[in-house]
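All chains are identified by letter, namely A, B, C, D and E, in their written order; residue positions are counted from 1 within each chain.
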Amino acid sequence: MRIGKIIGTVTATRKDERLVGFKLLLTQPYVNGQAKGEPLVAVDTVGAGIGEIVLYATGSASRHAANKPQSPIDASIVGIIDSIDVAD
Amino acid sequence: MRIGKIIGTVTATRKDERLVGFKLLLTQPYVNGQAKGEPLVAVDTVGAGIGEIVLYATGSASRHAANKPQSPIDASIVGIIDSIDVAD
Amino acid sequence: MRIGKIIGTVTATRKDERLVGFKLLLTQPYVNGQAKGEPLVAVDTVGAGIGEIVLYATGSASRHAANKPQSPIDASIVGIIDSIDVAD
Amino acid sequence: MRIGKIIGTVTATRKDERLVGFKLLLTQPYVNGQAKGEPLVAVDTVGAGIGEIVLYATGSASRHAANKPQSPIDASIVGIIDSIDVAD
Amino acid sequence: MRIGKIIGTVTATRKDERLVGFKLLLTQPYVNGQAKGEPLVAVDTVGAGIGEIVLYATGSASRHAANKPQSPIDASIVGIIDSIDVAD
């Protein structure tokens, strides 16, 4: 999984029906305390909100997270991070 | 999923038969309001057109989008984006 | 799928038996009319030849292209491109 | 697999239930004797600890490592490295 | 598949039991006659040795190569390259 920050949302009225009902969260990789790089759009499976630091999974793992193994999902939020402890 | 812009189309007369009947859309990653980086070729599953900003999926997710799990598809358009709302 | 140019071939006498019988094509990503970046080795499933501009698929999609879902293939040529039409 | 260094841990109280019970290890790619690049969060399947140099797998391989093929896991520690021998 | 050079070996006493019995080969991408970039650790399925130029597969393809579809393997050597012929 990678660490990301929820920086926004995406709205798509016309979309694959298996995406209906999921929040589509704009999620930016979060490295060394900084959000940077290309954001991706992940479906929310844990009730994440704007500004939160999260764990996200990509690929087939993300479909298991959403309990939709036959869907077009390739990225999901799978946890909300409380703390990141980096060893000295 | 990632955000892309449809910048063109690709024609291939000789191709895997499981690609027949799909529009092949040249799709460029779209980051911070700008299309940039290597375009990929995605099959259209939602009726997307030139110039539209879309959601695309890659890998096995894209075959589920196309309802062709046993096909050579590795990228599909899965939604047409109405709005991207980035938090302040 | 991505767009590539066939720039050569690879010969490997000792290889996984499931690769026997496939042409192994050296395929370089082709972006903005230019072949560049690390070439990969894709199996040919459409009769592609040197110098042609092709569509290639990676990952499990490429095994479906080759009709060998249980093989070590992770890249296949899946189409020969006639034209790339980029919108103005 | 890739080589990484365990540089820390991540705590996430709210997460997919299939991640419960796994240590979530912050793992940085380790190249030429140096940890560098974006760290990822891998589940521990071998009893790895802070500072150790490890082998990690990504994608569906990581779910097999964790014996959880239907889970949201996309990265796992699969070995603790004793030595890396580079030929002269 | 990609082209790599075997530059060394890795030893890991404590590892997933499904990796036992495989040689773990340090494999560096080999581009334009030069080994460069982050090496990965691939299991050997063809009897490759130090210094050889090889074909390697990643992802689920690599597990088929090793005939271990339920294992943590995500990279395998699948061929030993005799020659790379680049067209003029």
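The criterion applied here is as follows: contacts are C-beta pairs under 8 Å (C-beta built on N, C-alpha and C of every residue); 3 or more make two chains touch, one makes a residue touch a chain.
Note that the structure is a prediction, hence the values are computed from the model and not measured.
Traced through touching neighbours, the fewest hops from chain B to chain C number 1. Overlaying chain B onto chain D using CA atoms gives a rotation of 145 degrees, to the nearest 5. Taking each chain's centre as the mean of its C-alpha atoms, chain D lies 19 Å from chain E.
Distance between chain centres (mean CA atoms), chain A to chain E: 32 Å. Along chain A, residues 59-60, 62 each make contact with two or more other chains. The touching chains form a single ring; listed from chain A in the chain D direction they are A, D, E, C, B. Within the complex, the chain A residues that touch chain D are 1-3, 29, 31, 45-47, 55, 57-62, 64-65, 69, 76, 78-87. If you check the complex, the residues on chain E that touch chain D are 7-16, 18-19, 24, 26, 38-42, 50-51, 59-60, 62-63, 70-75.
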